[in-house]
Structures are given as C-alpha cells and as structure tokens.
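In the two complexes below, subunit A is the common chain; its partner is subunit B in one and subunit C in the other.
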Partner chain A sequence: MRGAYLSYAAKRFAQAVVVILLAYVFTFVVVSILPGDPITNVLRDPQNGFSEDQIRQIIAAQGLDRPIPVQLWTSLSNFVTGDLGLSMRSSRPVTTLIAEVLPSTLTLASAAFAIALLLALTIGYGTQFLPKRFGQGLLRGFPSLFLSVPNFVIGLALIHIFGFQLGLFRVIAPDSFWATFFAAIALGVPISARITEVLIANLDKESEQEYAAVARSRGLGPARLFARHLLKPSSLPVVTVIALAIGELLGGSLITETVFGRTGIGSLVQRSVSTQDLPVLQAVVSLAAVVFVLVNLIADLVYPLLDPRVKLIGGQGVRPTTADDSATATSAAVTS
Partner chain B sequence: MAAQDRLTVNTFTRAELTAPVPLRPLPLLRVDGLSVSYGPHEVVTNVGFELGRGDSLALIGESGSGKSTIARAVLRLLPSGGRATGRVAFDGQEVLGISERGFRPLRGRAIGFVPQDPANSLNPVRTIGAQAQEAAALLDEPDSAIRKQLILDTFAEVGLDNPQRVYGSYPHQLSGGMLQRVLIGLAILPRPALLVADEPTSALDVTIQKRILDLLTRLQHDLKISLLLITHDLAIAAERANALVVLKDGVIQEAGRTTSVFSSPASSYARKLRADVPALNPDRYAPLRDVRFHTLKTGDASTPKIDVNAVTKTFTVDGKTLTAASDLSFTVPAGTTHALVGESGSGKTTAVRLLLGLEQPDSGTISVGGEQVTGRSPEALRSAWRHLQLVYQNPFTSLDPTWTVEQLVREPLDRFKVGAREERDERVREASADVGLGEHLLSRKPGALSGGQRQRVAIARSLVLKPDVIVLDEPTSALDVSVQAGIIEVLLTLQANLGLTYVFVSHDLALVRQLAHTVSVMHRGRIVEHGTVAEIFDNPQQPYTRSLLESIPSGGAGVAQPAHARPRVTAG
Partner chain C sequence: MSLASLSSASRDRSIGWLSARRVPPTVALSFMIIALVIAWSLAPGLFTSHSPIVGVPAEKLLSPSAAHWFGTDHLGRDLYARVVYGTASSVASSLIAVVIAAVSGGLIGLLAGFLGGWVDIVLARLVDVLLAIPNFLLAVIVVTAIGFDTTNAAIATGVSAVAVFARVMRSEVIKTRQAVFVEAAFLMGGSRWHILLRHVLPNASRSVLPLAVLQFGLSILVIASLAFLGYGDPPPASDWGLLISIGKDYLKWPWLVYAPAFVTIATVLSVNRISRWLRKTD
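And then the complex of A and B:
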C-alpha cells in the first residue's frame, strides 16, 4: 500500500509540474499574440526620449526581435531557473518586486483561510448538535448569507465599525495585527460560505448513517462524535472545495487589499495592469498557476489518506464500485 | 378518555398490591405503555413487556411492525422527529424522560447495541482498533496497553481468527460475518447488563447466521447478559429467546413464553407468521409445485430446457486468478425449477451471468431452449433474451424510481417491439394481474410501493415478454417472510399455469425445499452435490451440504423438527 501511494504521489507530482509549465507557455503565447505592442509603446514614449537606433539596440539586446518560439524557450528556461526578468517600469527584478509584497498577501490569505475553516467547523458543529430552539435553523442560513454579501461590503462595514467607531485599529496602519485580523475576516467570510455549505450537507448525510447511531450507543458525546466520527468522512468532498476556494482567496485578496489599503500582490497586479508591465503580469499569472496546482496536488495527495477505500490505480484515485452497481448493470443489460 | 382513566386505575391497584411484598425480583428492563410517533403518525402504540436479568426476549414482526422502533426507543436512538411516550425503566430507573446527558453513562456500559447491517455500522474511514478503543474507554482502565489487550481478547472471544490483523484493519477489508463479530465484540466489551440485537444476522449467509446466533446465545449465558432480540424470523426467535412478543403495525398481537406462543399461537397473526416460515412448513406448496411435475416426468425429459455443460470461468483480479465457476454442469427439464444454492462467493452470481450470456465461459457450453447462449455476440443474444428473463434480488434498486409501474412493465415490450399498441396494453394488464398487482397501482412509481409490490413489478416485467425461462436471483432475500410467501405463491401459480422453467438462485435452503424440484449445491465455484429436493434434503452426502442444512433455524427443541434433523430410519 505504501509503495502504491508513493508511486501515486510521484505521478501526481510529475503531472503538476507539467501543468505549471503548460500554464506558463499558455500565458506567454496569449501575451505575445495580443494586439498592440506594449514594449515598443514604452520605448517610443516621448518622455523616455530614445532614438530609433537606441530602440533597435534595446530590442536586440533583449532578444525581442527573435522568433516567438526562441523567445519562449529563453523565457521558459529562465522561469525554470527562477529568473522572471525585469519590470518594464521600474527596471528592478520581478522576483524582488514579488518578494516584497508576497509576505503581506500570504499573511492575509492564510489568516483568512484559518478564519474560514474555523467558521465552517463552528457552524458545522452547531448545525448538528445545537438544540433546535437555540437557532440551529438560523445557522443553516449563514452560508447563503455569507455568499450574498460581497467581501468589500463586509470590509467597509468592518472598517467603519471597528476602525472608526470603536477605534480598534488605525486605518492608516494597515499591517497592524487588528487591521490584518479584520481584513482576514472580510476575505475569509465569503470563502467559508462554500466550505460550510458542503460541510453541512455532508455532516447531515454522515450523521444519518448507521455507524453514527452505533457510535452513540457506545456512549460518545457530541464533541467526540463530531471530531472522531463525522468530521473525517464529511471532509472528503470539503477538501475538493477548499482547493477551489484557494483560487477565490487569490482573487478576493486583490479587492480586500484595496479596501484596507494594504500593499500586496493585489496592489502590485493593479499597478502592473494599468502600466502594462508585462513581465510582472506574466510572473503573477504564473505564480497563481503554481499556487493553484500545488493546492490541488495537496488535495489529491490528502484524499487517499482520508479515505482508505480509495484505490490507487494508474496514478488515479478511484472509489471501488459497489456490488449493487454491477448487479443493476446486469438487470439493465438483460432488458435492453 | 374514560378508557384511559380506567387503565390508569388498574395499573395503580396492581402496583399497590405488589408493592408491599415483592414477589419476584425487579426486571432489568420494563417497558410500559410505550408509544412512538413521527409527527402525527403513530408507529408504535401502547407496547409493554418485561425482560428479566439474564433472560432473553424476542420482538417479532414484519418490516413496519415497529419492532426496530421499539429497540431504538429503548436505546434512545430514534431518528430526529421521532417522539416516544410512556415508560421505559432500566434496572428500576426511568430512562425515557431523563436528559441525554443523564442517559449517556448507561450507553455501552449498561446497554449494548448490536445493529442490523454490519457493513454500514462501523465508520468506513477509521480502523477497527480506533473504534474499539471507544468501547474500551468505557472500562475505566487507565493503562492503554491493558485496554488494547482486552480488545484483542474480546476479538478472540467472539471467534475472530487474527485479532491483531482485525485491530489494524478498515471495515471494508473484512467480510460481513467478521464485521458482525467485531460489533458484537464491541458491544460486550464493557460487559453491559442488556444487549439489544436488532436483526443481527439478516444481512449474513445462513451458516454464518447460525454461528453468530450461537455466539450471542453463548455470550448471553456466559456473561449473564439479558438479550432483547429483534427479528422477522419466527424460527430464529423461537430458537434463541425464552419469551416472544409478536407485533403488527406497532401493536402487540400476542406475548408470552416461547413454548406456548410458538407451539400453540393464540392470535391469527402469529399463526400466519408461523405458517409463512419456510423451515417449519417444508411441504406447504408441494401440491401447487408438482401440478405439472408429475405429468412432465413421464414426458420429454430427454430434451432439457436448459443444458449447462462443463462450464468454467476464471477472472484475474490484482494479478491473481480466481476460478468463479469450475466445471459446472446441470440440466433443467422444461416446466421445473432448478435451485442453485450456496453462500456469498460460491459462484452463484457468475453462474447466472454465464447463463444469461453476460459473461462468456472459458470453456464449456450452455444452451437454453435448444439455443446456444455461449459464443454469441450481445446482438445475437437479444432473441435469446426474449425467452430468458431475469428477476433481480433487490427490488429497491432494480427499478427506475422515476417511471410508473405501467411504464416499467411495458418497457420490455417496447424494446423488443412486440405487437401493436393495444396488444401491449393488454399484455401489461395481463402480466400485472398475473402477479397480483391491482389496476390502481399501475400509475404509481416504485417509491410508493412496498418491497413485495416492487418485486411483483419486477416479475411482471420479466413475464410480459412471455418467456419460457426465468432466472430468479434471490428474488425474496430482501423481503419479509410473509411477503416472501406471497411472492412464492405467485411464482408457483405462474409455473403451474404457464409451464415456466425457473432457475432459482438462493442461499435459503428452507425456501428451496418448498419450491424447487432439483438442486445444485455450490461451494467455491463448484457444484459439490446435486439431485432432487428429496435426495438433497433427506440424504445429503457432502459435509458442506449437511452444514448448510444444519444452519436452518428450526424453532428450537420444543418444536417438531424438520425431517432432515430427525434420526433417519432406513429400511434395508
């Protein structure tokens, strides 16, 4: 079993690397076939005052006059070695620019993710064990409520109440603990909605299962029943949703950073889009692809660990079909 | 209202009379005036019984009789929406009205639970050991090494061969019989005073059923545990319990000591229940079964309807070769029933799939009605399927829930483009009437039908093409005994009227004895013994056949034994 898992993991990892490289190639091709030439636009900007000769020299030095496939190959091999080129606006290495803003975004995103998980688990537990008269039904409405409020509205409300009214944090110091905390809430609440929705549905399904009743007959209280029995089988589909939610986290951080005035990947993207700074944009898109692929890789690797019934066949995790399925197929075959 | 008042007065007087001088010890479990309802719908009405210390009591009834609901009410495991009223006293303490927190200390420690379906009663994503630790935690043993040893000892006690391996396994890695042993082990580990077993063997094979019931009886005696057994099988109840409570629609029909209720039932319902148990009435259908058999025997027995000749089929699973059918040979004369008997994994299902042409054998030939089934493409088999139909065992999953009964019965006619519209209508009505489905049911969907009605739909569906041969794959294993009796009667009447040939696949030997003419006993892909019903049942040659026969619950020593268990007197 261990050998099977390791070869499964190796295959998944290799697939992930291929996907990342393809994503890079794809963004490169899309950028190069886009109408308009931002590079010459920048160079021809009268403010820069380059002569036609100088422009030709620069283009030749950067290898921009060579055929697209050759440019792609150079760019791809630079990407693999971690060299993302220079920003067109500031002439600084793109890696440095990203390294400056990444910690802030990572802090915000992971705090938001932690809050989202905590919210999902709390609400999930409440829907199963909170007595009816204490608002179990109200809890079930939370996910749709969370989904229907855009996160910038939550952000503005939090700033108004906790920043201005209660003075818990200063809006001009966006990297302080409390400012980060409330920004993470604004970002985490909509994310938690999707996770909670799936978690509640699966908790409902699992708590109806016979094994849950049998576990209760062994004297397990609600907390232990939840943690030991219901959570693990319920979390299988949740893992998939979490992997998708990470993507939302990236998108959402852009808006949240703007609302809270934070410097992060979001503000970097915003700046680069408005100035058509292609190397930075290409790097950020590739970074997003890497994060997305990695998160899904982790989800794939976790899945067989959560469910021992998953069989690892040819690099694919497959749930074995039940006897009933094949029997139904038998009766279907006879009538047709 | 007045009647209720009088009842209260009565109870009160009786209580007053017995209070000063306790004539007998306090019962361990006393259920009094228990009613359970879901919303406005009452499923259990005013049920009362007593279970003494170390004693055993069985609740019997069909599905829907409320027997499992009573068990769940006693265990306080009713699904949400279920409301129980009345009194349930455990060891003198009222437990129905107290809080969940107050009841929890009794769970496991004092009241153990053995559930019905072992495959779904353990958490699929946790090891057996992790779940066993929860039961061991009830023992107040601080040393984890000792706790684990106690678990392993209990696994050995319930007859699990390799406790260490079981401890580290996940539920899907063990068989149903092993899982039920695990569940019984977990229930008895904290040494409860009361064990509630809800149909503990209905999902298991006969030989395993007997071993599990023997285990429960032995543990009950060794550990002085009181047993509340819930079952639909009167023979099992009579064999395993000292007292019986017979239920129908949530109301007690009859109650008393097993000896009196079982051998001379007073209520008509208990009498009917007894008559429907195949093991107790081996010759119930003999006249109906043999209507045509006598005339056929003298007829053309030389050309069998089904001829299976030296068929072998192997599968390769995970690089290992598995012989699912090895050198199978049998013939079935037209108009008779041939039974394929065996436990799970004996190769019955493979035999059925080969017979229907859904699998091709590695070697050997099969012909049905003179038509070769082996070595033909699925397209070429379509004509054979018109004369060869299947009734599948589980009527709850084999019918499309979005279709009406009429559509379901009609589908084969549409598929084979039989006759004009009027003729199809006529045939649907005819087939439905033949299986006892009233006209008013034709517009319903499977969800609005009972299990027995659904199986009738499945039979009508196969009947509508007027086939000669019907393969019945455990057609009643998902149904209650009394519903089963109705289905068997339908099948035998159809055979008598239409001269159908049946291949009847079953693990239930008592049932086979009631309706089959010839029998093949299958074990590990081989036919170990075959012959007429009389030969197999009265004079089994193989030890495996004998062990199957001995596993048939017969209702215990106090009752007339079926023929096979009687000492045989052979003349000459």
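And then the complex of A and C:
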C-alpha cells in the first residue's frame, strides 16, 4: 500500500512538472503570435529617443533577433531557474513587479475563498434542515443563480448599495476594511457556486444513509448531526472542487480588482495587456498555471490519505465520488 | 437482430423525451426568455423605434419610464434600444465560442478516446495545459494576441473552453466504445472510421448537448466580462458587458448598470435552467 502510494505520488508529481513546462511553452507561443511588433513599437516610441542603431543593439543584447525556438529555450531555462525577465515598460524585473502586488491579491483571494466556503456551508446546512416547502427550494436555486451573475455586476451592485447609498466605504480608498470585504464578496460568490453545488449533492446522499437515520432517531439535533456526522464525508469530494476554484479566484481577481480599483495581480495583467508588456503577461500566466497545478497536485496527493476507500489502481488514484474533474468543474450547475 | 433492436430503441427514446416529459413552468419561462433574446438579435428594429447610436441630448439620463423602458444614458440614447441592438453581438459571439469549443474540443476528445495509445497521451497533456491556465486569464491572453474585438473575444472564449469538451467527449467515447453494439459492429467487419462516425460519435455526443448549452451561458458571461474590460468592440457598439462598463461611471443613475445586468442575468439563468433540464431528461 505504501509503495503503491509512493509510486502514485511520483507519477503525479512528474505529470505536474510536465504540465507546468508545457503551459509555459503554450503561453510563449500564444504571446509571440501577437500581431504587429510590440517590442520595436516600445523601442521606437519617440519618448524613448533611441536611434535605429541603438534599437538594433538592444534587440541583439536581449536575444530578440534569434529564431523563436532558440528564444523559447532561453526563456524556458530562465523560467526554470526562477528568472522571469524584465518588464518591457518599466525595465524592472518581473518578479519584483509581481512581488509588489501579490500581497494585495492574496488578501483579496483568501478573504473571497473564506466567504465562498462560509456561503457554501450555510447554504448546505439550510438545504438539509430548512422546511421542505419553505426556503429549501430557494436555497437549492442559489448556486445556479450565483453562476449566472457576472462578478462585475455583483461588485457594482455592492459599490452602489454599500459604498454609494450607505457610505460604508469609499471607492477611492480601495484597501480599507469594508472595501476589501465587499470586493471579496464579489469575487467569492461565483466561486461558491460550484463548491455549494457539490456539497449539496453529497449532503443529500449522506443524509439518506442509515447512520444518519440512526443519529436522527437518537435525537441528535440538526446542528450536531450536520457538524458531527454529515459534514466530514460530504466535504471530501469538495476538496477537488476547491482545488479547481483556485484558478477561478485568479481569473476573477482580474475583474474584481478593476471594479474596486485595487492594485493587484489582476490590475497588473490588465495594465500589461494594454501596454502589451509580454514578459509580465507570460510570467503571470505561467505562475497561475504553477499555482493551479500545485494545488491540484496537493489535492490529489492528500485525497487517498483522507479517504481510505480510495484505491490506488496501477498508480492511478481513483476518487469514488467525482468521476470526472471536468464534469465538476464546468457542469457543476447541471449536476442535480 | 439485436443490433437493429438496440438502435431503434435508442431512436425511439430520443424522439420520445421531448413529448413524454412535461415541461416544467420555469423551463417554459426560460425558453420564452431565450426566444425573446433570439428575436432581439435577429430583428432588433421590430422591438424598438429608438436609435441605439443617435441620442437626444435634451433627454439624457432620464429614469425608466413608459417612453424609455430602461431610461436613457448620458448621451440621451434609449438604453432599452441599446440593449436590444447589443443582443446580436453578445449572443452570436457566445454561439461562435460554443461552436469553436464544442467542435475542436469534441474532436480532440473523440480522437483521444477512440485511438487511445500515444495520441491519447499527447492530447491529454494538451488538455491538462489548457485546464491549468485559469479560464478567464487564458481568454484574456488569447484575445490580446489576436486583437481586441468582439469576434476575437468569442474565439478566445471558445479556446478557453476547449478542454472541458475534450474531457467530457473523451470519457463518453471510452464509455461508448465498450458498448456491446460497437463490439458487434467491429465483429461484423465495420471499418474504424465507419464505426467512429456512425456509432461512437452520435452516441457520445448526446451528453455534449447539455454541456454545450451550459457553456453557452458561461460564454455569455465571459464575453460580457471581456467587453467590460474593454477587450471587445469599442463604443458605440452596445454589447451588454460594455453597457455595464459605461454605466459604472454613472452610479447616480443606477439603471444604467442594473438594466443591462438584469438582461444578462435573466438570459444566463434561463440558459442554465434549460441545460439542467436537458441533463435531467436525458
């Protein structure tokens, strides 16, 4: 068993490394098919005042005149050693730029994540213990509703109601507590949709089990039944969905940060898109892939340890309840 | 013998499920909303007499009223007309996105599942890579690479959804390939491509339909988000996301945000409801 787990872990780890490297190559290819020539556009900008000779020298010094495969190889080997290159706009290392804005995004993302979990648990609890005819149906509709509302609309509505009408926070001070809190709600609500969906489905399944009936007949109240018995087995499959949600948090922060005027990874991406700052884009996308792959790797490695029912067949982990990750990722709304 | 009966049984069921199941009222309402949205995009002129581009400056920023259902914007343009005229590009682009995603993702999944072996391994890694990059970020860099307009935003959205279709299609193909009738077709001497096209593809693609419908709703959201960030057609286009983005600068007149947002949410909610119903009846 132990040996099986180790070989499973080694295989998953190798797979993760391959995917990260390929994601880097993929991004590189996408970014280098950009129309026009952003590099010489920047250098030719009259404000910079380079002569044609200087431009040629700079391009040669940066290795930008070499064929694409050679450039890719250099860039990939730099990436592996942790060197993400220089920003084309500010000439500062990309790692510094990212490190500067990372804390703000991390704060936002973890707050949003906490809110998403809290929402999922509250709704999950409600669907089990509210009266059937009153409230339950409504709560069961929530994930689908959350999935249908663009997160910028949630953000704008929160700004309008709490910022504008009630004056709870000011948009010009985006890092204040309330502003962060509401930004986290805007980011967290769509994320909670998928988590809630899977949690409800599993709670439904668990509450029909005999042990739940026994616990109920022994007079256990809803809160204790939920916390002591139903939650733990139901939350295992949620681990997979949570790992997938991390990617969404990163993508969603792009919009939330724009709406709330925060500086962070999202606004860095947006600025780099408008200025065509390729190294920054390349770095952020690759790092996002690294984070996503690592989180999923951890989820996959932890899963067999959490759930002894998981059998490792031929080095492949088989999760009992979520047959296909993709099905939980995108068609969570249709699982019923 | 058994082959014939199997295939006719599956055909009966596929005709049967529309008439056999009663359509729940919420699904009927969803279909009505979608029908209205489609009508808006095909013939916007029938639904409003106002111009979406030329405004009346004297009537700027009016509240919603009988004359202007959604009020007017900062240039005195009727917001309802803007929403109606913006439908075509908002909805058509989502359709483009779904078609791109379903066709290329479906093809990848079909080949990976049917051929297996190294084809499967290579394609599986490609799908892993597409999944590893957060969806929205992927759409953003693709649209950056090919240029900002609504069609490109649709292509980018489609690319970001390829992986999902590939995965679902692959698992369906593998499931179908092990079915008795496929084995029978092999034994009766059917060629690989014949079996692939006549037996595996039609059966495996049935579960892709609800997914495609769901993805249609998600694509509307992603494209609206791209338009919101300004990666779609520039004004005076009136994509729903762009309308909301313009409206956010006029929060004193909140209907500029809420009206197009309401239309977007109602549309996506209806699409999701239909998708869930399709999945249940399947």
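Structural remarks
We adopt the following convention: the second predicted complex is superposed on the first by the 288 of 336 C-alpha atoms of A that agree within 3 Å, B and C clash if a C-alpha of one lies under 4 Å from a C-alpha of the other, contacts with A are read in each partner's own complex, and residues count from 1 in each chain.
The rule we apply is simple: a residue touches a chain if its C-beta (ideal position, glycine included) is under 8 Å from a C-beta of that chain, and two chains touch if they have at least 3 such contacts.
Predicted model only: the values in this text are computed from it and were never measured.
When the two structures are aligned on the shared chain, A:Leu306 is found in touch with subunit B, with no touch to subunit C.
When both complexes are overlaid on chain A, the residue A:Gly252 reaches subunit C alone and has no touch with subunit B. Of the two partner chains, subunit C is the only one touched by A:Ala289; subunit B is not.
Once the two complexes are laid over each other on the shared chain, residue contacts for A:Leu76 go to neither subunit B nor subunit C. By the touch criterion stated above, A:Pro150 is placed in contact with subunit C alone, subunit B being left untouched.
Between subunit B and subunit C, C touches the greater number of residues of subunit A.
In the superposed model, A:Arg216 lies in contact with subunit B only, and not with subunit C. Shared contact residues on subunit A (touching subunit B in one structure, subunit C in the other): 324, 327, 330-331, 333-336. Across the complex, subunit C is touched by residues 15, 18-20, 22-23, 26-27, 30-31, 33-35, 144-145, 147-153, 156-157, 159-160, 164, 247-248, 250-252, 254-255, 258-259, 269-270, 273, 276, 281, 284-285, 288-289, 292-293, 323-327, 329-331, 333-336 of subunit A.
Across the interface of their complex, subunit A is touched by residues 75, 77, 79, 104-109, 111-113, 115-117, 120-126, 130-131, 134-135, 138, 170, 172, 183, 186-187, 349, 352-353, 356, 358, 378, 385, 389-390, 392-394, 397-398, 411-412, 415, 461 of subunit B. Put simply, subunit A touches subunit B in their complex at residues 208-211, 213-221, 224, 228-229, 232-233, 236, 306-309, 324, 327-328, 330-331, 333-336.
On the subunit C side of its complex with subunit A, the touching residues are 125-126, 128-138, 140-142, 144-147, 161, 163-164, 167-168, 171, 210-211, 214-215, 217-218, 221, 224-225, 228-229, 231, 241, 244-245, 247-248, 251-252, 254, 257-258, 261, 264-265, 268-269, 272-273, 275-276, 278-280.
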